[in-house]
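Common to both upcoming complexes is chain A, partnered first by chain B, then by chain C.
Moving on to the complex of A and B:
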């Protein structure tokens, strides 16, 4: 076929045979989509169903899937203190991340909008903490927290605080794990900042004429117009925090006294340390449900607004 | 004419607050970085000193002159053994002192017969193998000598032309600390035949970067769990492999969704891809590992790369971009008889350079930082990425905090370059993903 123009599907009456051009285009799309479809099926959908499937078995890697145990893995979870402890820790981390990090980039971005001098340089500098690979950042903070040789205790001594145990103190470890994120908000600042740039200048000018001062304009014009982005970011924030694994694994390994063992760490430990893949599948599925539920609620709530 | 400006109420306070908040955050983020750099330049001792210092002390190079008058040693090998004992055993005995490098000059009958020297990075990297214990005998050193030679840990220069020794013939009366303790150790030692003639000391700032050299030196060992350059290379391969796969697989799928598949089907397929963003990585971690195991991809770099080909966000971004491209152009190309694939390759790819760069930068940041998946699937040091290796480093006795800090800096540099130089692209990227979801 040389003179192909893609016909609109609706223009073709039902009784007519499918034109060759159309068939060819279906074949072509299949060819273009095939690698991605295979990869998504193999690396996303199949594992997801496998995780659910596994959770009903006393899964054995050597003779998969092992013995069918029905809901025993779930029953085991709901009776184990470890699971409830991890669930509680996950929620506690969620709250701490919310208190320490979520609002920070919003404030930074709104204030950055008022900065006229060296604005671009400041945006670059905000990105600097992000430029340290996450794992490296956690190790660096672990070194700063070191109770014997750490910089943080040394600096706090000048204002007569401490010395603190930081990561070694069960009451403090959660906060110590989250604190680095307080300073590493550069990417989110950029997201919010670019959202603020999209606020129509007319709205701001109109508010100015109506006599709203700069503080008032932030509250009444800029912040409300960021609502959509904040909502989107909040959804990302929820799932991000629920699945956080790296800082706990690297900085404390779940300790001290299990105070930083979250659900994601429990998945890792029960599968790759205890080799109880069935239980790990059950925890994974519970996490998936929790996140889906929260996201659904969040979307519903923001719709009704 | 005097220029007057109407000043708004509150403008001053807004400015003051905005600038000081920005400044505070910048300072707070610079301090840890500065501390990381400072720590990476400290020697094995001052790194564990409290209260800590901001400026690392410049390491000291100590040179010892040994006098062999009246000893029975004659061959080159005898003297080499002597020099190695003097350097390695002395250093091991004083491993809690900050030495930048230790040199030994051998003198017999007024002429220089050998010179040997070792910088501290070689001592640090060779210590676990050469002097694991405090057992200082000829036999142990004879056993280790081939290893020292093979890894070129200690320089040994035999001087056969017998030039007269012109260096100092006795130590200064007021020896600096490091030199004094070297002298002390050597005088109390029974493993060398020579007599200490003189000890000198000088500051050597080039030794400040020894912790970086240690990283490359350690790679020479038999144990590839220390091969930091290899870990960086693995990370680079994984990152660029992923970027390439996104260009190919994600780009083609995005193009198909935007221009080849029509109507309802396109929406459904888009949902098929984009919905996977909601699947948390940790939830599918275990089955994904088992899948990789079945495919025999555990402990391979492919095993790390391949799951990255399924990023919903990438296809979403490509589709969004390709939809903006004018359909007329593609129609014109089709009428001219171009094959679909060559349309993609000749027309779409060149026009899509902006989205390709944005996706590449975001992929780079994501994959370079990736920790959990490599931790699970790369169980042998051969295929570790640097993130897995760094986590392993922190649990090793043989790695001081100063060497770990230098490895952190080496791992930071590539990401820092990308982030600073691609700042505009990142802003573009976050506004795509942040606003459109």
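Moving on to the complex of A and C:
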């Protein structure tokens, strides 16, 4: 029997006209997309290329671009103690943030998923603190850390400890700056929680029937299902930590003895205190390369996995 | 997706991409073309010509419009007088329309100003070019060379010499002094009395500073003798101690280059003393890295007995609850050099080099009006009439603030005058060298075992290699 196969839509010859309605739909989509694309190019890519461009000059803001210096600004970075110190601090902050904070919202989301009583209210409570301006939060913590009048030392006094100079000790200052983030996990918890909600209940029930305990279910079903969200969150985490500026700027100003001065602070100081905009551009580009490399590695690793 | 749809999609995307690139290119070329325009590159009054892009745009051909960031805030107690001054200028100069704007919000005034200038939105005249920063701003082309205006300015001999020191660079004038202050030792007379000390006798040397500081320190009451500034501005107050020890942190050479003197004996002596105040004598606050505002709060709340004070800051003390009769002000205690100079600080009016010549002329007229004897005396009279504490130091020789200080204790006026008799500018290249000096100071204040000489040697080596070598090379070019 002869069979007739219907031609695939994609097999239509190129000369055939596209239906008018479809063409309109594509144009309309493009039209709606255009502002976002243009904004993205203007506010993301243009500054990036501009920073790279600036990095090749002894850049003058009033009479740009100033004297062409080639790779001098990059060469300067490699023998600058300030740059290496800031790079080291940035990586140290990255590790501390990772150890102290990254896993916290994942655990909280898993636990929240098990809480059935007042679950909605708890979620709302997680969300409310995100309305508090970050700057206010850092100022509050700075006050808590005050060696003379801060609440932390006051409480420690009851157990005959302290007073500690939380932000005065170069060895302790980084940890003290990161600690508030341990408690500020609200939005991430909800993102992970929604990912857990997406895990098919049948899989969990089947695992239960097969005798898998809570730990096994979490390891074999819940966490693998959250892998994609964790990956995305990790990428945001990397760039967030590398670009973080406010907590150090507000709580220590980069001190003591430059122990909390990060690359993003160095960009700010190089630009607006020292007027070395070319150097600031070079640091920005180095930061971009580092973040891009780590992100690329993370994506590669998660694919291999 | 069909092949055809795909091709149309690609074409559409290509068109979109092209349009986006055109927008980006337009944005890029916008920045570049402004530099190429005839009126944009003016670095001096004579070279800044009016142009269509930056010219004195006005509805009326005879009127020049200028923008100045000097709009008083609603809570400014001198708001009504300032508005009256603005109105009087407008009346006397009908061809100049001044738009008074509040400074845009930002992290700090310096960053906001530089950003606005870079974006082509800076004011035509700006009154807060601080003494230590004006040199860098001139280097960046942010301030117009005012020499042609200055040379023909009738009042140019009326400014005290120390007020011109930072604004005159390579023989050219870039700033008109707007205000200035001198720093000295502040002390709380009440706390002195409570500690059994003579409230009218401040420490006159380092030894007395330490002995009195110990008497004034009472950990039980969370009261301490002397504030230190150890945060990211730590070099600011530390340099006073270097001066008292007989040195400075940098030396400006006759050829314009800079020599670092971090490792000089006075600098090392000063850092050792600074460290001892914290670790040996224990007369300073526990939180040596606390902010400047926290230091001020300690003064206002009677926790700190002695601190740095400035001639322009007594109003803040009074506004924060201190009785002016309980405040003392005198030159700093002298160090091993036998000297204790006060720091001269303040701010200049500068003009925008990118403005048209017509706007610069109008802005100059406005600036000279705002710093005129008449305007300054009207402000002092207004402050006196309304119980507002004036700045006791004037940039003008023909304006005497002490004539307007009938409500101010005479010993404060005398203290300011004595502090102003021996003054010092902040160290050269401060803005760039701050991170290096601050690191050494903070290390000394946070590490009991730190060696001041070694800290300063490390700081000097790094600063020489990373800042000064490049700076000196640029001076020679």
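Remarks
Everything that follows uses one rule, which is that the second predicted complex is superposed on the first by the 258 of 305 C-alpha atoms of A that agree within 3 Å, B and C clash if a C-alpha of one lies under 4 Å from a C-alpha of the other, contacts with A are read in each partner's own complex, and residues count from 1 in each chain.
Keep in mind that, in the parts below, a residue touches a chain if its C-beta (ideal position, glycine included) is under 8 Å from a C-beta of that chain, and two chains touch if they have at least 3 such contacts.
For clarity, every value in this text was computed on a predicted model and none was experimentally measured.
In the superposed pair of complexes, A:147 makes contact with chain C only, with no contact to chain B.
Contact with both chain B and chain C is seen for A:42 once the two complexes are overlaid on the shared chain. By the touch criterion stated above, A:169 is placed in contact with chain C alone, chain B being left untouched.
Within the superposed three-chain model, A:293 lies out of touch with both chain B and chain C [touch as defined at top]. Using the contact criterion defined above for the overlaid structures, shared-chain residue A:79 touches chain C, although it does not reach chain B.
Contacts of A:33 after superposition on the shared chain: both chain B and chain C are touched. After superposition on the shared chain, chain A has more residues touched by B, the comparison being chain B against chain C.
By the document's definition of touching, of the two partners only chain C reaches A:63; chain B does not. Contacts of A:269 after superposition on the shared chain: chain C is touched, whereas chain B is not.
Overlap of the chain B and chain C contact sets on chain A: residues 9, 33, 37, 42, 45-46, 50, 61, 64, 146, 148-149, 272.
Those residues of chain C lying in contact with chain A across their complex are 1-5, 7-9, 12-13, 15-16, 19-21, 23-24, 27-28, 31-32, 35, 41, 43, 110-111, 114-115, 117-118, 136, 139-142, 222, 230-232, 234, 285-290, 353-354, 431-432, 434-435, 438-440, 442-443, 445-447, 462, 465-466, 470, 474.
On chain B, the positions that touch chain A within their shared complex are 8-11, 13-15, 17-19, 21-22, 25-26, 28-33, 35-36, 39, 47-52, 248-250, 252-253, 255-257, 260-263, 269, 272-273, 276, 278-291, 293, 306-307, 309-310, 312, 315, 331, 334-335, 337, 340, 344, 365, 368-369, 371-372, 375-376, 386-387, 390-391, 394, 401, 404-405, 408, 411-412, 415-416, 418-420, 423, 426-427, 430-431, 433-435, 437. Within the complex formed with chain C, the chain A residues making contact are 9-12, 14, 16-18, 22-23, 26-27, 30, 33-34, 37-38, 41-42, 45-46, 50, 58, 60-64, 76, 79-82, 146-149, 163, 165, 167-170, 252-258, 261, 269, 272-275. Across the complex, chain A meets chain B through its residues 2-6, 9, 25, 28-29, 32-33, 35-37, 39-40, 42-48, 50-51, 54, 61, 64, 107-108, 111-112, 114-115, 117, 122-136, 139-144, 146, 148-149, 151, 154, 183-184, 187, 190-192, 194-195, 198, 208, 213-216, 218, 228-229, 232-233, 239, 242-243, 245-246, 249-250, 264, 267-268, 271-272, 277, 280-281, 284-285, 287-288, 291-292, 295.
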